[in-house]
Each structure stands twice: as C-alpha cells, then as structure tokens.
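These notes open a run of structures that come right after.
Look for subunit A in each of the two complexes below; its partner is subunit B in the first and subunit C in the second.
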Partner chain A sequence: MKTPWSYRQFLGSALGMLFMLILLIPSILSPVLSVPFPEAQDPVFPRKMLAVLALEHLWLSLAAAGLATIIGIGVGIAATRPAGRTFLPLVRDASALAQTVPPAAVLALAIPFVGFGFQPVLLALVLYSVLPVLDNTLAGLENLPSAVLEAAQGMGMTRFQVLLQIELPLALPVISAGIRTSVVINVGTATIGALAGAGGLGSPIVAGLIRDNPAWVFQGAAASALMALFLNGILGRLEKSWASHSKVEKT
Partner chain B sequence: MIIAKQGEFDPVPLAALLPGAISLIAPFALLKENRVVDGIPMSGFQLAGAWNWILIGVFILVFLASFLKKTLWRSVLYGGSGLLCFWAMAWLLVRGSFLLPEGAAPRISPAWGFWGLPIAAYVLIDHSRIFRFRFGGLVLLTLLILPTALLFSGGRGEAISVMREWSARKDRFGAEFVVHLRLFLTAVGGATLLGIPLGVQAARGGRSGASVVSFVDAAQTIPSMALFGLLMAPLAALSQAFPLLRTLGVRGIGAAPALIALTLYALLPIVRNTVVGLEQVPDSALEAGLGMGMSPPQLFWRVQWPMALPYVLTGLKTASVQAVGNTAVAALIGAGGLGMMIFQGLGQSAPDLILLGVIPLVLLAVGVDRIWGFVILRTVSPGLSTVGGDS
Partner chain C sequence: MTLEWKKVSKRFGDKQAVDELSLEVPEGELLVLIGPSGCGKTTSLKMINRLVDPQTGSVLVGGRDVSHVPAVELRRHIGYVIQHVGLFPHMRVSENVGAVPKLLGWSKEKIEQRVHELLELVGLPPQDYAQSWPAHLSGGEAQRVGVARALAADPPVLLMDEPFGAVDPLTREILQREFLRIQSTLGKTVVFVTHDLDEAIRLGDRIAVMNEGRLVAAAPPAELLLNADPFIRDFTGEDRALRRLARLSVGQALGDATPMKSASRRDASVGAIRTDATLKEALSQMLEAGETSLEAFSPAGRSMGTLTLEDLLERAAGEVAS
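Up next is the complex of A and B:
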C-alpha cells in the first residue's frame, strides 16, 4: 500500500532536487557559488565535473554496500544454523567490538597494507559496513516467533525451505534497515576515502582544504550530504513497503 | 583428561588457528634500515628461529583442547593459549629487532601477517569465557599488558616502528592526544547539557517528539566531513563580520568549527535516545504514579526519568564513541588531535606514523565504549536492566 506524500515531504524532495540540479550543472553552479564566495578565483572544482564525482561516489558506496550485504547475510545465516551456532557468541562479540572502531581508523589501517586508490578504500568500506548488515541479520533471524517456525516444520518444510520461505522474508525489514545503515555509513566514509585517492565527492573537499578554496569544500560537502539524505530517504521508503508486505504475510 | 565423544568436537578454536597460522607463514614483519626503504619481509617462523617448537606446541595444544569434553580445563586451555598468542606477537617483534641490520635507526614494521596473532588471541580468549567474572576484564587487561610491557622494557622494544615514530615526536604526540581528549570531552559534555533538555522538551510536545526523532535521524546521515565543510563558510563569514568573534577563535578553520560540528553530531544520538526513552515509558506506569498522588515533577523524576535512563545512557555511549572517531576527522579542518598524525602519515605514505595515530584512537574508542558499558551496568536499576536502549 502506498502512503500519500505529505506536503512537507514533497517540498523537501523538490528542494533537494533543485539543489542537486544546481550542483550538477557547472554553468548554473558557477554564478550561484560566486554569490557566497566572491573572492574565490575558480569557484567550480575544475578537475572533474561534480556529476562524475557523484557517480564515482555512488558507485563506491553502493558496490561496498552490495558486497557487505552478501557477506553480512551469509555470515548471519551461517551463525544461526545448527552447525554454526557455536560461533554465534563469538560473531556477536567481535561485531560489537569492531563497531566501536571508528570508520576513519579502519580506512587508515587498510591503506598501508593494500595501497592507495579505489580498491583499498572499497575493502575498508566493505569491512566496516558488513557489521550493521550482520547485526541486523542476526537480530532478524533470532527474534522470529517460534510458533511460526514450528508450524513450518510441521507442514513438512525442509530446513532450506524454512529459511528461504519463512525466516528470510520475515526478517527482511530488519535486514534492510541494516543495509540502509551500511549504505549511509559508506557514503560518509567514502568522503574520507578521497584522502586515500579513491576519488568521489571527498576530493573537492580535500582539494579545497589544501588550496584554501571554501567554494570547492562547499560543493563536495553539500553534494555528499544530499546524497546521504537522498539514499537514506529512498531506502527508508523501500523498507516501509517491505515491512507492510511482510505484515500481510504474518497474518 | 577425557577425550570428547563424537559430536562434541568444538570447531571454534580451529577458526583461531587459521589466522594464527597466517602469522607464522605470511610476512609478519618488515626489517628496515630506515623509515623509507622497503624492508625485508620475515614470517613468524623465520623470526622465531629455534623457538619454533613453542609456537607449534601452542597450536597443537589448542587443537587437542578442541576435542576435550566441555570442562573448565578446556576453557582454561583456550584462555591460556589466547594469552600465549598475544605474548608471542610482542615476543616475535622483539626477536625481529635483534635481527635488524646496523644503521642509524633501523626499525621493524608490522606487515599484514602480523594481525593474525591478535585475531587468534581474541577468538580464543573470547571463546574461553574464563574472564567473564566481576573485574575479569581488568585481570585480562593486566595479563595482556604486563608481560608485553616487560618484553618491551629495557630498550628491547625501541626498534619497533611505532615506538620509533613515538620517540621521534614524544612531546607532539602527548600534546595531540590531550587536544583530542579535550575536543571530544568538550563536545560530548556540551551535547549532553544541550541534548537532554532538548529531548525532554521534545518528548513533552507530544507529536513533535516523532518529528524531532525523524529530523535527528536524517541529520545523522550527513557525513561528518560534509558537516565540517558546510560549517566552514558560514563561520568564516561570521568572523569577518564580527571581529569580536574572531578574537574568541571563531573562524572557518580550527578548533571552533570542529567543536561546533562535533557537538552537533553528538547531540543527535543523545536527543534521539532521550525522546525514545521517555516515550517508551508505559502509560500504566504513569497512571500508577498519578494514582499514588504524585505531582508532575515527582512523576518525571521518580517514574519517567529512571525508566528512560538506560536509553539516555546508551545515547551518551553512542555519542561518545562516535565523537572519538569524528574528532580524528576534525583534524582535516585544523582542529589537531590524533587525526593529525593519521593524515600526515597518509600524506607522507608513512604507515608507521598512521599506526601511531590509529592505535591510540582505536584504544580510546574501545575504552570509552567499555567505560560507558560499565556505567550503564552499575547505574541502571536492576529491574530495568533488560530494557536496553536502541542506539
């Protein structure tokens, strides 16, 4: 069921779209930026178009989130099966510990071992963003009503069928919340990834800080903030529609 | 000793042996003549030399222990070999530093295989659960640190790359660490003073509580680096317009914008959890209080606040742990702190300098997390301890 868009949501998205358009088209961006930053020589970041940087950023964040989702759900399923259950406390403890490590630290630690560039940043993003997916997969699979699982077994379903047709669909809203968290974390950490040569929207921020050009910093900051807000909003809506589906299945 | 029957075999320690074995076979450390050269890779086996049988002995011990019946003995064996793995990590570095070539300041840097032993130690110690008693964490910490410190004492540890970086900038390291602590404590302190009243106010407003939570959730998604960047321009403009502010240190770059951004960031989980904590108080509890003749302030201080406290404290924990990491990012806009060394290390492609910044950063984050965990355990009324907060 689709919920009607409220006036405020509509206004918010329209404003966001407008900002995004201004940021993505250099010929509009240049005069707009010269209003708040009159002394900037070169208000628009010259090395790459912001649209290209945004695509790089999106690709890096989503690719990392995709890999993290596969690993996180896989480990989560493995640790909740009878054969892997002895690993469950360990997986829980390790994930809780790893989550207290700041993402910037994971990034900084990965670089000496893998080198500079796109791939080490991707690796660091995957390592860190596995955790929310894993946590939520565990929470989703562990908190299912036992009556439902017993009913499924009573119907003669195999373990695999129970997992695929009952457990995963019921846990989907919780798992997808974890995926959303991992995407949002990735968008943020990928900004810092520019320091390691990963490109993306962090590069105008870093270049602007080095060259003392606040207009560049502003572009990168505004675009990455908008991207995080947009992705969070879109995934949040998807989650809600999935949640309403699985509620229908529950009754 | 009783050998376990089939089906009782414990696979977890074998998962610890895998990273442990990687440490022994893969490059464990690099022997370098100075900071810049590539260095000679050495595996754990090569470093251990004639002492190899100790490492192999530990591994065989763990392997045999996994077949033991579930007894205290097994746990003790796991815990003991976990400690041995950790000590072996330090000992191998010391062994390596004796093999260093002559030079002005030769150093031994950890290579990627290095991390296998601490991972193995973590898996074994976590799985053994023998330190899960009151203050067991402190006992474990002492057992980990004391022998390591002894191994490194008397100048035996000074050739380790991180120690070399540290001794080259002792004063600066101390200063940056203090700056880091001060920034993060001020930000969390300010956010607590602002956030709890804000959250209480929002929760009282009825419908506005939900919109505050959704606003905060959206704001939380903004990357910390973007928030720093977005605050730079308005603060620079403010300090240009008002010279008085400039004398107070309000500029686009420096500690002031970092502090503002860090405080705003730390506000979010605090406000959120205060609102959620107050709103989850069941109506029945409020009605019971009202029925007892409590006045509104009594109702708040004796019913609502104690019941919301686990949530509020969890919010403070989340805010503090995040602030430790975000303070490192704040170094980019000239705030100083441990991030300075990380970013300098990245800029100079000096992994040892990066480690000098990252290791205390990670320890600080984990320490702050554990301290809050302890505080939450101690202050929350036992009847509420099952509630737990959502971060």
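Up next is the complex of A and C:
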C-alpha cells in the first residue's frame, strides 16, 4: 500500500460522486430518469427531496448501528468474563435467532406496542443488526493468544486493565469489521422505515410500488445502495489505517 | 527474597497436579524445576504469583504467605517469563518492556531510562529495537525482550517457565550464557522451569526433580548426577557422567594451583586448553588428539598446570566432591 489512492479507487470515488450529484439535484435527475423510464410522467419522487430522505435514512441507519454496536460489544464483553461465561451459549443462540426474524415482522409486531414512527423501526433494525457486532466481538475476544493474556495477568494487570489495554485493542480489527457489516445491513434494511412512517429512502420505493412508478423505486434503491457502498468504503479505510498503525500480525 | 512451598497440594478434577510439595529457595538462588511433562512444574511455579491457588498448604514469598497478599500487588513485584513469551503484539518493544513500571505509576522519563538500560542489558541496542514491533523480532530477540520485560521493575524474584524453549539449540545456549551473566550481576531469587537436563545443569545452583506432582530430589547439579534413586538415574540418562564433566571447568578440576610457567615456554608437544573450558570439552579434545594430557592456560595466557585423563576419570566417577 504505497500509493494512498489507486487508479481504481479514484475512478470508483469519482463515479460515486457523479451518481450522488445526479440523485441529489432534482433538475438533473428528472431528464436522466426519463431515459430508462420514458412512460413515467412524474419521474422524480415529488413528496420530499431525495437529499432530505437520504439524511433521514442516514440518521436512522447510523442510530441503529450505533445502538447495535453498544449492545453487541457490551454483551460480547459480559459473556466472555468469568462471571458471564455461563451465558455464552445462550447469548449466541439469542442473537442468531434475532437475525432469523425478518425486520418487517418485528416491525409489524412492534407497532401495536410502540406505535408508528421512528422507534419501532429503530427497534427492528437494532435487533436485526446486532448479530454481526456481537459475533465478531465474541470471536475477537475468544481467539486472543493465551500467552499474551497470561503475561498480562501475570505481570499484575487488573482484569479491567487487561480488558482495556490488551483484549479490546487486540480484538479491535475483528470488532470493527462487525460494525461495518452492521452499518451496511442497516442502510439496506432501513428502507422498511417507510412502512412505519419513519421516512427515509424507503418512501419512494414503497410509493413507487403502490403507484406503479418504477422510476421512484429505482431512485430509492439506487440512493440507498450508493450510501451503503460509501459507508462501507469509508469504514474499511479507517480499519486499514488502524491495522497498519498497530502492526498486529496473526500468529 | 526467599521462597518456600510448604506442603502444597493442588488437584485439577481427578488429577493431582502437585502433591505435598515442600521446598525452600534461599535468597539469590537459581533453582531449576525439572521433570517429565505434566509433573506439575508450571502449576508449582504459578502458585508463587497466585496464577494458581493451592488447595492445601501455603506458599511463602519473603516469609509472607502469598494468600494474604493481593494478587495484583504480588505479581507486580515478581518477574514472570513464559515459554511463548506473550509479548503484547500491539505495543512496541519499549512499551512491552515498560509495562510493569507503567502499572506501578513510574514517571515517563524514569520508564524510558529503565527501558533503555534493560535493552542494553539483554543485548538489544535500544536505538535499533526500542521502536520495533514484536511481530518483527526473531525468536531469540523476542525471548530477550521477554526477559527484559520481567526484569523491568527490578523484582527480587523471577519466575521463568521454559523461557528459552522455543528457540534453536544454538540460540538457546547463547541466551543461557547471557542469562547467567545477567543473573551473576543481579543475584535474583530465580525459579526456572525446564524440560532440558543440559539446561538445568548449566544454569541451576540447585535442581529440583519432580515426578507426578511430588518432589523426588533437590540437589546441586553435580550431586544430583550422583544420586542413586532409580527415577533420578533414569531421568539423568546414560550419559550422566558426561553431564557431570560438562558442569565442571578445567580451572575447577585443577583447583587453585598457582601458575607454574609463563605461556611463552609452553611445551608444544602437548595440546592446550583454557581453564574456563568444561571438562567435557577437555575430554573431547583429548579423544580427538589421542592425548592423555592437556596443558591448561588461564584466559590471560598463563599456564595453570597439566590436566590428565586420570583427573577426568576421577571427576566423571564423582570421586572428588566439587
């Protein structure tokens, strides 16, 4: 990794920017969309600007990913401590189960209790995306070299110091890959927010399906895919820069 | 600081790992614990820094029962080196070595100075190694860093569990020699666990042999090699006589004989050997040259007398107490 920006990365970013500009500026988007969708009379989703929807979407997905991260890392740490170890199999099962329940079903079940809007969507997203963070936290903390842990304990570090100074830094690359997966899942899944009135890029998709307007479906889907790609790229670069800083090599 | 196991036992499930172990280590002694795999060496060692707590009996460090000392406090004053070194891969060599001083709250400058000093001591020039990452060290270098890290806070007691186990024989010998040099200046109370009898003989002031959790014998190397106990005879092997020779130097065999003639007048027909060579090396040299005597020279080049094959035979049979 000598050159910070390879040709491919540059091209990818430039294309991404171009797509983003097209999507965000309605006066450009309209003529572009009428090429693949000539029969749509109203190609650009009229109710809200796509930029506003994208912001709603971003906020929703990042809030869910943030909560999933806090819960996933917290539970992962607790389940790998001596006191919590008995719960480890239970935790694994519970989080795997959470991912098998479709978010739409959680949404449907949650709405009667927490009502429409932001909260039920957040709940569904967090439940659905906590697994990759939790899984990776467990994997990261469980697979540390035992000699390193014994050395840390043997030199007189407290349990808390071992966790903070040794275990978490060493597990960080694995945990952050889990966080990245969670973010990507959330950006994709947050389109269901429109079903519960939480807005986001799902709105043009849902409206497009109801009104039989594929141009709306397309712009919602394209924008959320682009957002997922962007976030994935940014987080991946962050991870790489940490990894090369700490020079951790697997033995 | 003295160490003592007092009728200590530890059982893991059905396995009696340590069985009524009683053993004292006087201040400044390098005690080697040796025995077959699974005989309880590591368990006995870990009882000293409370990584394992015994079920019965007590362990004393400096006369104090360790079960009354908070484990974290105790461990910060006991150096610990393990076989797989266990360097922290995300910290540079300097941070690894400075880890215990940092736990003890030393100032940054003091830690830096100490790290510098220790890297010099273990033969790793700080300017080349302080900023290195553990992943980039050779096996031997990593072991040295491990020793430096254990010595960082100048603990009176050092526990070493097969510290040189993971390196090639040549590197191991170099590390052993350097460790002896370091130990001769620092005079720590050391418990050193090993599988390797030659290592035990080379390093130990005293060797404690364990089998199935019990102490079989504890004696200085030359004495241990004369022990008639069947397990010890078996354990020390067919070549125990050679091992005895390996433990003694030419100088020791000749006693404190005064220099007799100057180096310039030495008899060219007789082979020469330095007084700091071992008797095993002397024997090998005699066999190779087909001679029955060698002239001994001090490192400074003064003749110290003649070593004969008879001398070696006597020593190998243990007829002369060392």
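Here is the rule we go by: the second predicted complex is superposed on the first by the 239 of 251 C-alpha atoms of A that agree within 3 Å, B and C clash if a C-alpha of one lies under 4 Å from a C-alpha of the other, contacts with A are read in each partner's own complex, and residues count from 1 in each chain.
Operating definition for what follows: contacts are C-beta pairs under 8 Å (C-beta built on N, C-alpha and C of every residue); 3 or more make two chains touch, one makes a residue touch a chain.
Computed from a predicted model, the values in this text were never measured in an experiment.
Once the complexes are laid over each other on subunit A, subunit B and subunit C both fit without any clash. Which of subunit B and subunit C touches more residues of subunit A is settled by the count: it is B. Legend: residue contacts after superposition of the two complexes on their common chain; A:109 is shown touching subunit B, with no touch to subunit C.
Applying the stated contact rule after C-alpha superposition, one finds that A:228 touches subunit B and leaves subunit C untouched.
When the two complexes are overlaid on their common chain A, residue A:157 makes contact with subunit C while staying clear of subunit B. Of the two partner chains, subunit C is the only one touched by A:169; subunit B is not. By the touch criterion stated above, A:148 is placed in contact with subunit C alone, subunit B being left untouched. Of the two partner chains placed by superposition, only subunit B is touched by A:217; subunit C is not. When the two complexes are laid on top of each other via chain A, the two nearest Cα atoms from subunit B and subunit C are 14 angstrom apart. Only residues 145, 147-158, 161, 166, 169-170, 246-249, 251 of subunit A touch subunit C when the two sit together in their complex. The touching residues of subunit C, counted against subunit A in their complex, run 49, 51, 71-77, 80, 82-90, 99-100, 103, 133, 135-136, 149-150.
Against subunit B, in their complex, subunit A makes its touches with residues 36-37, 86-87, 89-90, 93-94, 97, 100-105, 108-109, 111-113, 116, 184, 187-189, 191-192, 195-196, 202, 205-206, 208-209, 214, 217-218, 220-222, 224-225, 228-229, 231-233. Considering their complex, residues 10-12, 15, 111-112, 122-123, 126-127, 217-218, 221-230, 232-233, 236-237, 252-253, 321-322, 324-326, 328-329, 332-333, 339, 342-343, 345-346, 349, 351, 354-355, 357-358, 361-362, 365-366, 368-369 of subunit B touch subunit A.
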